[in-house]
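Two complexes, one shared chain (chain A), two partners (chain B, chain C).
Coming up: the complex of A and B.
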């Protein structure tokens, strides 16, 4: 059972990292979208291991079902223009930025991992050992942790205001995306409307006289 | 439950965040930039859920990543709309074509 979980985690980690590398490494955006999809499935597997069933389902539904599909739609809409030539080349500053970020990330990580342990307060050895063991061992799961019932109960009793605000935000995002993506267009009915408006004005003027 | 130590998940999330950040800094295709942002958001979500597994008294981490997923969806929709508008303007999706404000 335990080794099965370990194998599942390793598979999920490989899928996640490999998908991420494909996402940023491939020249064709459609392959990048497929890499993103792979990463999302790997992370959903990790959510299952972390007892977050509802989030794993939401991850699949929202990301794989909506976001990646949206990306693929845009890639297909742009066609061959989506593949930009000479990508990631001749940009020394961006390489400097990437290397600086990587170096600082690795430095911070190694600092966290290998820093000397803070001086433990002088307590009994057995107590300290038990405390360490309790800190490393994961707590037992409460009944129904991460299921739809518990999570939904908590959202709809304690977090109802952020939930409704998120709904409003999604509505605003949909309207804004439509407004931005449509752009300025020639409106074929506009001329007709103008003529009708002019005719109305004429008839109004006639009525007034 | 509990065969996998929690810090392995945190290391996985850190690696994924680094991949996303490096992709965001290196690539110049706007679509790939948006996908790198999605990778970073996913890494943060994984961290939140992993910490929630350690503190099981409430669902705060899971609820927060729930909201982050919703906001990431909105961000992807608006970002892709901006990419479409930019493409209509420049006939390209390269980020260094956006140089109107340069000089």
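Coming up: the complex of A and C.
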């Protein structure tokens, strides 16, 4: 990796992880949303580095432009009710959990990456040598990689099956969202609401007369 | 015609198109105010759709997947082989039974809304995609299609805090598990540069450098953790009792049956096609010790905790966790005895599907609105008041416990024999001991039904009346009996299916 790219990657990584920390660490939802926005820009930067310009643009348009804005709308609508209250219990168990998770993650990573060379009975020296050489070299980018044209061609020829399956996924998401949102009208308190509604109608009728 | 792509993926198409059709009819149907709710015809429509899916899969089985030229066009995203077709049949069976149960349960409990059925159908379609996926892309899409539908079904009873809590819990943990799986998949792609499972497996078999091997190990751990969550193996099972208890019971039955089978199908495909090389399958460096540990923990912990539950539904939830542990024993045996172990796993999943769906169905039948069967006490004296209901409940419980003339017995027998064949004597002994432990809480339900009298003034369960639930129970009972008396033909089908996955 060239040094300029490395610097760019490190900046993007810091922005992404920092944004993520703000997102989960902040008590104010609006700050969390802003943290998420930062993360999304960081990830878009990483996509740029991977020569996926279109994906980077989509990432910004869809996530930053639509998803985060929706979050902010909800937060604004909820107003001050959206601030999560301070937990009554102490935060110690949470910190213990976080530290344990981090320690085990780092432990697992370092075990995996820095342990002595594995006893590889199946791979003899020559094969391993060849594999090492082959693995380091990623294949060169094909012509037109990351452009809209190429992506469209890819999606509608080779990857048509997963593309069509995505349609099912979206359909399920829509029906599921509707089922969960509409369900509120059918809860046991509906009776009460109906009665309240009837009372309202009565009072309206009285006003009219 | 037989070389058409549509012919090759017919079961999936039949189920999806049936779902679309039902959605449209539900939208345009006009119902009088005094008419029955949407369940009255949607349940039957859903069942017929699933039945058509299963029959199509069976027809393709008879034709032989090798004769389907169109199958090549969808490979590797959807693999059409006997393994896929077998799971298509199991999943359609599980989904169809859940639809019938919903047809009785939803109107009874005032949850009668038409959305449940499309969710059920498309979840099943997602599960079928998952079982046939030969590529990380379609695998993930199938997994999410299945899971999203199930999340919504779990949260279907919006008025109940418990149901909403269950849905949120399941949704958050499920998304986390999906993220782990995806991270593992991304690392696999990073090492091998391929997304097709077979391609990744071939690249790993060809040999990787020691750094790459480390990354592979990490991805193996991540993928196993994600899979263990989906099959609810201990210690990734914490969501199971809450989600199973909070969900409407037909959704619970679907989760216990279809979601679990599809997750095991995914596990088998991933472990065999991707991590099937000698290094990954060795006891020193690969997944067998991890899966063995998961199996032992899952069986033991789930059975110990299940015995102490006071809610029957929660007990059945833990019992389904324990059954995942028994199947995991079979997964460990894959290394030494690939054909028989996998055949026994698939037979077990089939027998477990009919027994568990039947048990949940019987639990639904035991209760009616305001008089649900929840705790053991609710069932006290049911054997005297409603002998037929109690009898059929006992029958499914005996099958879950693994008593001889039922499907559950042969399921366990084949798993034990294949694990002994693979030299895993300790695991086999633990499995048998655990079945004895499990018999305690299954028999306890029967003790309450037949040998206890309800305390004076205590709430008792009053069975509901529903032709749909009875039909579902009849199907399950016949299947349990047939699998228990003549297991050979379905076992040989399972082994045929297993041999497709090489």
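Operating definition for what follows: the second predicted complex is superposed on the first by the 129 of 209 C-alpha atoms of A that agree within 3 Å, B and C clash if a C-alpha of one lies under 4 Å from a C-alpha of the other, contacts with A are read in each partner's own complex, and residues count from 1 in each chain.
Here, contacts are C-beta pairs under 8 Å (C-beta built on N, C-alpha and C of every residue); 3 or more make two chains touch, one makes a residue touch a chain.
Quick caveat: nothing in here was measured; it's all calculated off a predicted structure.
K.L.:
Please work out whether A:168 is in contact with chain B alone, chain C alone, both, or neither, and reply first, second, both or neither.
P.N.:
Only chain C is touched by A:168; chain B is not.
K.L.:
Hey, is it chain B or chain C that touches more of chain A?
P.N.:
Ranking chain B and chain C by residues of chain A touched puts B first.
K.L.:
Which holds for A:159: it touches chain B only (first), chain C only (second), both, or neither?
P.N.:
both
K.L.:
Examine A:41 and indicate which partner it touches, taking first as chain B and second as chain C; both and neither are also allowed.
P.N.:
In the superposition, A:41 contacts neither chain B nor chain C.
K.L.:
Should A:177 be classified as contacting the first partner (chain B), the second (chain C), both, or neither?
P.N.:
After superposition on chain A, A:177 lies in contact with both partners, chain B and chain C.
K.L.:
Kindly list the residues of chain A that each of chain B and chain C touches, one partner per complex.
P.N.:
In the superposed arrangement, which is not itself an observed complex, chain A uses residues 109, 138-139, 159, 162, 166, 169, 173, 176-178, 180, 183 for both chain B and chain C.
K.L.:
Residues of chain A touching chain B in their complex?
P.N.:
1-3, 5-6, 9, 13, 16-17, 20-21, 23-25, 29, 32-33, 35-36, 39-40, 43, 46-47, 49-52, 54-55, 58-59, 62-63, 66-67, 70-71, 74-75, 77-78, 81-84, 87-88, 91, 94-95, 97-98, 101-102, 105, 109, 136-142, 145-146, 150-151, 154-155, 159, 162-163, 166, 169-170, 173-174, 176-178, 180-181, 183
K.L.:
So in the complex, which bits of chain C are touching chain A?
P.N.:
So the residues of chain C in touch with chain A come to 16, 23, 74, 77-78, 110-111, 113, 115-116, 118-119, 122-123, 125-126, 129, 135, 137-138, 141-142, 144-145, 148-149, 151-153, 155-159, 167, 191, 193, 206-215, 217-218, 221, 277-279, 282, 284-285.
K.L.:
What does chain B use to touch chain A in their complex?
P.N.:
Against chain A, the touching part of chain B is residues 1-6, 8-9, 11-12, 14-23, 25-29, 31-32, 34-36, 38-39, 42, 45-46, 49-50, 52-56, 58-59, 62-63, 65-67, 69-78, 80-85, 87-88, 91-94, 96.
K.L.:
Which residues of chain A touch chain C in the complex?
P.N.:
Residues of chain A touching chain C: 108-109, 112-113, 115, 117-123, 127-128, 130-132, 135, 138-139, 159, 161-162, 165-166, 168-169, 171-173, 175-180, 182-184, 186-189.
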